[in-house]
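Next, two complexes with subunit A in common: one pairs it with subunit B, the other with subunit C.
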Partner chain A sequence: MLIVLGLGILWFSGVCAAILDGRRRWVGFASVAAILAAIAALVALGMNVRDEGPQTMTAGGWPSGVGIGLTADMLGVTFALLSLGVLLAALTFEVFNGVRSQSFPALVLLLGAGLTGVFLTADAFNFYVFFEIAMISSYILTGYGDEGRQLRSATIFVIVNLLGSAFFLMGIAALYHQTGRLDMAGIAARVALLNPTSVILSAVLIFTAFGIKLGIFPFHFWLPAVYTGTRPAVAAILSGAVANIGTYGLLRWGGGMLPDELHTAAPMFFALGVISILYGSLQALSRRSVAEVVAYSSIGQVGFILVALAIGGPAGFAAAVLFAIVNAVNKTLLFLSENLRGWLTGFAFAVGAFSVAGVPPAGGFLGKAGLFQVAAQDDNWIVIALVVVGSVLSFIYMFQIYQRRFWTPEVAESANAVASPVSVRAVVVVLAIITLLIGFWPEPVLWVSEQAGQSFATTRP
Partner chain B sequence: MTLIVSLAIGVLFAAGSYLLLQHDFIKVVGGTILIAHSVNLFIMVSGLSRGTEPIYPLGDGARVSDPLVQAMVLTAIVISFGVTALLISLIYRVYVSHRSVDIEHLSDFEERLVQLEEQQVPPEPGIGVLEDREVDEDDESDQPDRDGIQRDERATE
Partner chain C sequence: MNNDMARQAARLLLLPTWMVAFAILIKGYSDSGDGFSGGVIAALGVIMQYVTFGTAVAEKLRPVRYARQIALTGLLLALATAFTPVLRGQSIMTHFPGPNEHATHIGSLELTTPFLFDIGVFLLVMGVCVGVFDLLAHATRRDRS
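Let's turn to the complex of A and B:
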């Protein structure tokens, strides 16, 4: 029952919020409360998963294998909680800041419902349906803003992602044809019996679709324009919550269902990851505006996730989950604090910037250290060198924008002209404290990512 | 049968990809529609089998055709229909605010906007593209455009 509860709360409140005017403050606060309730339900679910192992539920009381199932394991619950946390921060930020469109809270809630569904479903086709629910909400959110400037990039975002969805759907249909199953466990069991070469095309289609979601190197072109054009809250949602679909999808489909194909594709993932890191970092170095630097840095940071996936195994997957968690928190913090003015916002931004750079007290250090550790165990010198180079580059570009923003006299003066509301700054400061907390007390996050990485260790050969 | 359907899928997807690479957003939408249809056909063909209609009660040992693909295709059609409608409304908004749906025009416009920003001049909405045509209408057309955008947002709910 608990599995449906979080999903149900979000769905129902999303529909209710859609008929209300989201610009009113109480609608916004009610939406925040709904997300909080869903998070509470998911935390309770996570406790059950921790104590009793993965929970499953089949819709409509059908026998399992006939009805559409939902499964909650550590990986799914972790990603659901992470994404809802990002949505909560972004929505609270925007409600305090003043919502500009009446559909914004409803869209965030429906996006949350779609994301929770994606992370908890046990059915391949249902995954696609939830995926589309989340994507449609994010398409509309991309167009949220005052200027017409982000519209072109929003349109490109929709078109590129439509193509990605088409690939993904073809991959599902091909897998259905080959295995005769739609439940993920069934597909995984039957794919293991098939000749790997016969599944490789389906795997390529599916991996490409998730690559587009992540915004890795060859599919990145929509990303900077969208992230810089939209409002900070939407950019935080896109990079902190929606991009999780890509990481989760690659872990679930690659690690859980197509492990042999993921193994075959590992060199390609590694190469794309390296290119993404270098390309993102170098582009970020050459940019001047804060939003652009953060946008390009997300291409680079996603590269680290791909490298962790390419290393593979429970340790590699755990590193990928860890990096995804830390990256989502960093990006939310940076995007939300980039345009704020006033006391303590400099502190929040600095924490985010140093976290991306991987400077120890901040949480980002943990993600890089995890990757470093995995690479050191394998004696994989290329990865170690890459982590070092990537960290140095990210330190340089982050320090550069910090310097430009807070140390340049005229910028600092105009910055103090209008201070942002205290409540908005409080949201950002809380995020910064969470980032520091992850760095100072990493055990819970490490434990969660380790558990999540082992979610399908048994299915690996 | 499989061969014919496969050919149809191939032709649809190829035509769709060609349209997807055009400058004009309207043609691009046509491309996404064609690709969505080729995917729908692909789902159909992934469960193409001969048999009686799958309605309970079944006869003993009767071969039934696969009902699952039809359910999937119906869902996929509904989703692609919804997304296409959304895309068209988004393109309408692009047209309203930029007065063009040609991607070259739009990139020119944005480049100019970036240049303006670098010169520390606050950008005015709709300054780039309109410059070539009717500069006078710029201020008049600004207000109705905003309304158009808001009406559109309500529609997409």
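Let's turn to the complex of A and C:
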């Protein structure tokens, strides 16, 4: 029952919120409460997974393998909780800030339902359906604000991601044609029996689709325009929650269903990851606005996730999950605090900046340390050098933008002119404290990502 | 379309279209057809009014005015049918009465929870199609003026 509880709460409350006017404060707070309830349900589900192993439910009470199933393992629950946490922060931020459109809370809730479904489904086609629920909500969210800038970025976002969805659907159709199955375990079992060369094209389509979602190097072109054009809360949602589909998708489909193909593609992933890191960092160095720097830095940070995936194995996957968690928290914090003014916003932004750079007390160093550790075990000097170079570059561009934003006299003066509401700043400060907590008390996050990285040991036949 | 014949036909055909749509929904349990295609056909009946009478007349129809409510009611009904078994400790979308259990019949129609689910889908699809068409009609009218 727990497995669908969070999904049900979000879906029902999303539909109810769609009837109401989301600009009213109580609707906003009720939506925040709904996300909190869903998070509580998922935490309880996570406890069960920890104690009893993966939980499953087959729709309609059919035997498993016949009916459409849901499976919750550590990987799925982790990503669902991470995404809902980001949605919670962004929605609370926007409710305190004043919601501008009737549909905003409803869309965030439906996006949450779609994401939870993506992370908990055990069926390839249902993955696509939930994926579309999430994507359609985020298409409309990207246009939130209804100004020219937002509508322009929404157009880019929709066109690029529809292309990604089409690739993904073709990939699923091809896999179905080859294996005759749509349940993920079934596909994995049949793919293992097939000649890898016959599956490689489907794998390429699917990996490309997730690459577009993530915004890795050759597919990054949409990302800066979209992240800088949307409103901060939406940018946080896109980079902290929606981008998780990409990481999770590569892990679930690559690690869980197409492991041989992932292994074949590893050098490619590695190369793309390296290019993404260097390209994103160098572009970020040359930009002057906060949103642009953070957007380009996203391209760079995602490169690290790809490198971790290319290393592969439970340790590599764990590093990828760890990096995804830390990156989502960082990006949410940075996008939400970019335009705030007043006491403590500088602190919050600095924590986010140091976290991206990987400076110890902030949580971000964990992701890089994890990757460093994995690389050191294999004596993989290229990765070690890459982590160091990437960290140095990100330190330079984050510090540069921090200086420009908070230390330039005229900017600092206008900053004192209108302070943002205390409640809005409180959201950001809480996020900053969470980032610091992850750094000071890393055990829970490390444990969760380690468990998540091992998810495939059980699902692989 | 300024044609008396078309207007008469459109007005006369609205209710039969809905009748056919509902028949296709019910027929789905023994033959091809389901709530989705029924909903599309029901919406086509309304869209026919747009084409023949124009936006100003058509949007006074009740299914158009309440398109949003129809769609959301349908979605809630379908979701409620899907999630209610969960509250009873069963899997999601488990239908009631179960296989080989007694179900009330109306003619050849068995009253089971999947029927409710299909009505939800029917309303959702109809509401969304009509709503989207109404938006499109308004968009083109705005462009012209």
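FYI, the second predicted complex is superposed on the first by the 456 of 461 C-alpha atoms of A that agree within 3 Å, B and C clash if a C-alpha of one lies under 4 Å from a C-alpha of the other, contacts with A are read in each partner's own complex, and residues count from 1 in each chain.
Following the convention adopted for this analysis, contacts are C-beta pairs under 8 Å (C-beta built on N, C-alpha and C of every residue); 3 or more make two chains touch, one makes a residue touch a chain.
Values in this document were obtained by computation on a predicted structure and should not be read as measured data.
Asks: In the superposed model built on subunit A, check whether subunit B and subunit C fit or clash.
Replies: fit
Asks: Using the superposition on chain A described above, determine whether A:152 touches subunit B (first), subunit C (second), both, or neither.
Replies: After superposing on A, A:152 lies in contact with subunit B but is clear of subunit C.
Asks: Would you sort A:18 into first (subunit B), second (subunit C), both or neither based on which partner it touches?
Replies: both
Asks: After the fit on chain A, how big is the angle at subunit A between subunit B and subunit C, using C-alpha centres and going to the nearest 10 degrees?
Replies: One gets 40 degrees for this angle.
Asks: Of subunit B and subunit C, which one contacts the greater number of residues in subunit A?
Replies: Subunit A has more residues touched by B than by the other partner.
Asks: Check the residue A:101 against both partner chains and state whether it touches subunit B (first), subunit C (second), both, or neither.
Replies: In the superposition, A:101 touches subunit B alone.
Asks: Quick one: is A:63 in contact with subunit B, with subunit C, with both, or with neither? Answer first, second, both or neither.
Replies: neither
Asks: Pick out the closest CA atoms of subunit B and subunit C after fitting on chain A and give their distance in Å.
Replies: 6
Asks: State which residues of subunit A lie in both footprints, the one left by subunit B and the one left by subunit C.
Replies: 18
Asks: Of all residues in subunit C, which touch subunit A in the complex?
Replies: 68-69, 72, 75-76, 79, 83, 85-87, 89-95
Asks: Quick check: in the complex, which residue numbers of subunit A touch subunit C?
Replies: Per the stated touch rule, the residues are 1, 4-5, 8, 11-12, 15-16, 18-19, 57-62, 67, 70.
Asks: Any idea which subunit A residues touch subunit B in the complex?
Replies: 18, 101-103, 106, 125, 128-129, 132, 136, 139-140, 143, 147-149, 151-152, 154-155, 158-159, 162-163, 165-166, 169-170, 173-174, 176-177, 182, 225
Asks: Using the touch definition up top, name the residues of subunit B that touch subunit A in the complex.
Replies: Spelled out, the residues of subunit B in touch with subunit A are 20, 25, 28, 32, 35-36, 38-39, 42-43, 46-47, 68-69, 72, 75-76, 79, 82-83, 86-87, 90-91, 93-94, 96-98, 103, 106-107, 110, 113, 123, 125-126, 145, 149-150, 153-154, 156-157.
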